[in-house]
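Okay, so chain A shows up in both of these, paired with chain B first and chain C after.
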Partner chain A sequence: MVIELNSLSKWYGEVIGLNNVTTTIGDGITGLVGPNGAGKSTLMGLAMGQLRPSKGNIRVLGKAVWNNPAALSDIGYCPEGDPFWPDLTGRQFVAFLARASGLYGADLRKALREVIDLTGMTENADRAIKGYSKGMRQRIKIAQALIHKPKLLILDEPFTGTDPVGRHGLGNLFTDLAERGIHILISSHVLHEVEALTKQILMIDHGRIVAQGHLTAVRKTMHNRPFAIRIRLDHPRRLAARLAEMEAVTSLQMMPPNTLMVQTVSPDEVYDRLSDLILDHGVAVQEIAAADESLEAIFGYLTGHRDREGGL
Partner chain B sequence: MNAEPTSMSHRYGRWDGTLSRGRWTWLVIVLIGIRLTLKTARTRMLLVTVGLVMLLGCIVLYLLSLMELLAGTQEAASITDFIRVFLGVDVSEVSRIGEFREILWRVLFLVLIKIEMFWVLVVVARVGPGLIAGDLKHRALPIYFAKPVTPLTYLAGKWLIVAAFISTVTLIPNLLSLSFGILVNGGLHTWGQELDLAADIIVSGLTVCLVGGAIVLALSSTTSDHRYVTVGWLAVCLLPAIAQGIINENLPTDSTTGWLGCFSLRDNVVVVTDWLLSTREALEATTLPADAFSRALVRPVHALNAAVVLVLCATAGLVVSYRRIVTFSRSAANV
Partner chain C sequence: MRPITALFLFTIRQTLSSRKIWLTILLLVAPSVLLLILRNFAPPIDNARDQWEIYHVFSQFFFIMGLVPLVCMVHGTALIGAEVEARTIVYLITRRMRRATVMLVKFAATALVLAIACDVAMISLHYCMLAGRDIPSLLAGTSLADWNPSNALRCYLYVIPIAVLSFLAIFSLIGLVSARPLALSVIYFVTVELVLSNMPVRARIYSVMHQLRVMMAGAMPGVSKLYELPTELRQELYYEDASALPQILGIVLTALILSAILMTYRELVPAKISRD
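Moving on, here comes the complex of A and B:
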């Protein structure tokens, strides 16, 4: 296991940051999602050894991290915000933090070239950070997190301020790193960004874990909530009449233009029946999709939070 | 020029070397701090002006050495006779200047250190306030402590940055002036004689570094706005000095030799330096008129009291800054 939390709690006076959490975070990319103030940054701070657990313990890559700076050699951290010295160039910034990690000489120069190239900053590495765009700042922060070749990368809101192209590039980079064996814990309050990267999620709210695991598996555990299936086709009324005969279908809703929204307690049964109905009636179907299996929908069900401008 | 790069290489491979576990982390912090500070043209200009003090020291030492070399020659005797006859001033003691080298040099360095205290005030006001405040402002502490950097290493690094700049305006010019004086005065033979003086200058310089660094770091750790720190530093240095001036004006000298004479940090440093250099004792051991040096010497204050105040200030400063760094780095505001 990459991260193990055992009855972990963190209180800030009377405010609860994390409340008696016991779980493990495994290999690959894990999305840490939750609204602002949910406890994401507290969990990351605990994983970085920067916060002392009020109760319980946390082990990262098998090591206790609190008061153990040596354990940080295996962890790369990309914080939120702009923790820069604006007069430094990107290369100087990364080199400084590499030296602080204990990397010197030829090893440093080689690693520096590599991460700057890797993050697409080669052309801008020798410019002062104060002239960087938001996206460049994110990249150079990621470069410093990678410079000492960590086994675990902790990324706090890494997509903040990046444009869609840059976001896509960063997403590819994270996927590539994960394929090379780097474990990634990525936090975001913008759920579709995380969803595009991984289906493994750790969802927290008010300092508690509300769901964990693969998105589909998490959705399936929510028995009390009907699944929604969106079908876009030429003649929705004809199909709706047939679907209404099924016991598993709890409601049907016609949505212009030519969209049928089906609520069901047994999605597998509906999917099976759908293929037969489509073939029997020769309906031209443009799209069949789970309307509420997205991370945002699941999070909304679990916490009652509403989507606001792409975030929570 | 701000075009967003769109392509990314994917040549990342695991590195199998070993990291050196932060043995030199403090030095890394010092070097980057000095580098960042020297990026400002005003700071560089300020440091250049320190050369003036060094130049003054070198000129005086050169003149003293020259007089020492000339003393006892026929030309020197003629000059002293000339002065005695036409100006009515007996300067025959000058022919014995070699005997007074020890005290003259010590008084000179005491005067230089007094002058340098002004530069310390200005240079620390320039370089010190942003050291921790800047990191707080840019929320850089999480990125430091995400590396194998402990709060103590961080504080040591920051203190050494201030110490380096204070040394540039006190310790280094004084040692260079002394070296110059030794060179023009006779080389290694004089060096052996002035070893004590060099040691005293080093201890005095380190005292200034310790106290100045600790106080400015404590102030810098209390806010993320370096302007408040600058105001705080100037207040800490100037207000007690003003108060001390008022006390000295209104109380008899005898009553200000104890704690009442220890308000001003600058004066305390000078008193301790005076004690280290033993100027008063050295002067009393000669036949030189003490009145002639009254302006160069310091007000009589118990050196132990002054030293205690300085140690307390330095300790309080270091404790405050350490606690602030630890508290902030482990608080919710930091994550």
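Moving on, here comes the complex of A and C:
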């Protein structure tokens, strides 16, 4: 296991940051999602040894992290916001932190060249950080997190403030890093960005884990919530009449122009029946899709943030 | 050692390129500038006693006991606090260095810069006061004939780095203890360094100012002749004590050990923390 949390709690005076959490986080990319104030940064601070648990313990790559430089040397951390020494150039910033990680001489120069190339900062590495755009700042923070070749990368809101092109580039970079065997724990309150990267999620709200695992598996555990299936086809009324006969279908909704929204307690049964109906009636179907298996929908169900504007 | 060297050099670079260093330089050259103004625009002073008194007041009271602690207060309280508030501390404490090491290396680098800056400013003050004056002939035949300005400068250049170490250690500790380090530092300075150090009580041995005064009295016995004080008071204020240096180093060591402990066990997060 990459990260193990055992009865982990963190309090700030009377405010609970994390409440008696026991779980493990495995290989690959894991998305840590939750609204602002849910406890994401607290969990990351604990995983980085920046915060000390109030109760319980946390082990990262099998080691305790609080005041343990040996354990921290296997972790790369990209903090939220803009913590910089702004007068440094990007290259000076990464080079200093490389030296602070024990890299020198030819090893340093090679690692520096690699991470700057990898993060797409080659052209701007010699400019002062204070003149960087938000996207460049995110990239140079990621470069410093990678410079000492960590086994685990902890990314706190890395997409914040980046434009769509920048987000896409960062997403590709994270996927590439994961393919190279680096484990990634990434937090974001913008769910579709996380969903584009990974289906492995850890949902957190009010300091508690509300769901964990693969998105589809999480959705399937929610028996009390009917599943929504969206079907776009030429003659929705004809199909609706046949679907209405099924016991598993709890509601049907016609949505202009040619979309049928089916609510069901048994999606597998509906999918099976749909195949038969489409073949029997010769209906031209443009799309069949699960309408609420998205991370955002599941998170909304679990935490009641469904209708909040602008993501979570 | 390499990460330590990197942080040491980085801290020196950061200190020298910060805006605070300009404030520091401005404060440290203020006595020299004032002396130049006095020399050029005030009526000339021919009296040896007055010259020595001006020199003594400027170098000891104004510079070593006033500006040096003030400069150390500005830099010491922000030694770790500034990194915490800017959240750059997270980069330093997540590398291959113990938290206490981070603190001690930053302390050593800052102390070095300040000690050099203060010594250079002291040299400047000395020459602004005495350059071009024939001191031995002025003092000849007076009770101050054994006063040697070069000896005084040597003494000050020796005492100033010790003052920097001591005050920087104390104010760094205050910076780690309190969320309002400047206010607490001023309270400490007034109560311990100004009031306690001048009281005839044994507790004053814990005052840096008292120990510095004892060290200077030891190095410059002639200074006690400057003021016509009752013998008892003179002995009370200006006495030699060989234990001054060990005692002052004890204060430094205690402050640094406490700072290292606090650095190790305190969560270094900004005052306005995000609880996300």
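Here is the rule we use: the second predicted complex is superposed on the first by the 308 of 312 C-alpha atoms of A that agree within 3 Å, B and C clash if a C-alpha of one lies under 4 Å from a C-alpha of the other, contacts with A are read in each partner's own complex, and residues count from 1 in each chain.
One rule holds in what follows: a contact is a pair of C-beta atoms (placed from the backbone, for glycine too) under 8 Å apart; a residue touches a chain by one contact, two chains touch by 3 or more.
Remember, predicted model here, so these are calculated numbers, not experimental data.
**Student:** Here chain A is shared; do chain B and chain C fit on it together or clash?
**Tutor:** With chain A aligned, chain B runs into chain C, so clash.
**Student:** Comparing chain C with chain B, which touches more residues belonging to chain A?
**Tutor:** B
**Student:** For A:37 in the superposed arrangement: first (chain B), second (chain C), both or neither?
**Tutor:** second
**Student:** Could you look at A:17 and tell me whether it touches chain B, chain C, both or neither (first, second, both, neither)?
**Tutor:** Once the two structures are laid over each other on A, A:17 reaches both partners.
**Student:** Considering only touches as defined above, state whether A:185 meets chain B (first), chain C (second), both or neither.
**Tutor:** Neither partner.
**Student:** Contacts for A:218 in the overlay, against chain B (first) and chain C (second): which applies, first, second, both or neither?
**Tutor:** A:218 contacts neither chain B nor chain C.
**Student:** Quick one: classify A:119 as touching chain B (first), chain C (second), both or neither.
**Tutor:** first
**Student:** Does chain B (first) or chain C (second) touch A:52, or do both, or does neither?
**Tutor:** both
**Student:** Touching A:133 in the superposition: chain B (first), chain C (second), both, neither?
**Tutor:** First partner only.
**Student:** Tell me which partner A:101 touches in the superposition: chain B (first), chain C (second), both or neither.
**Tutor:** both
**Student:** With the two complexes superposed on chain A, say which partner A:85 touches: chain B (first), chain C (second), both, or neither.
**Tutor:** Both partners, chain B and chain C.
**Student:** Can you tell me which of the listed chain B stretches (9-17, 27-35, 63-71 or 81-89) runs into chain C once everything is aligned on A?
**Tutor:** The overlap with chain C comes from chain B residues 27-35.
**Student:** Considering each complex separately, which residues of chain A are in contact with chain B in the first and with chain C in the second?
**Tutor:** Residues common to the chain A contacts of chain C and of chain B are 12, 15, 17, 41-42, 45, 48, 50-52, 69, 72-73, 75, 77, 79, 81, 83-85, 87, 96-97, 99-102, 104, 144, 148, listed in rising order.
**Student:** Could you please specify the touching residues of chain B with respect to chain A in the complex?
**Tutor:** Contacts found on chain B: 1-2, 4-15, 17, 19-25, 28-29, 32, 35-36, 39, 134, 138-150, 329-332, 334-335.
**Student:** Where on chain A is chain B touching in the complex?
**Tutor:** 12, 15, 17, 41-42, 44-45, 48, 50-52, 69-70, 72-73, 75-77, 79, 81-88, 92, 96-97, 99-104, 107, 111, 114-115, 117-124, 127, 131-133, 135-136, 139, 144-146, 148-149, 163, 165-166, 169, 172-173, 176-177, 180-181
**Student:** Would you tell me which residues of chain C are touching chain A in their complex?
**Tutor:** Those residues of chain C that touch chain A are 2-3, 5-7, 10, 14, 17, 86-88, 90-99, 264-265, 267-269, 273-276.
**Student:** Could you list, by residue number, the parts of chain A that touch chain C in their complex?
**Tutor:** Chain A reaches chain C through residues 12, 15, 17, 36-42, 45, 48-52, 67, 69, 72-73, 75, 77, 79-81, 83-85, 87, 96-97, 99-102, 104, 144, 148.
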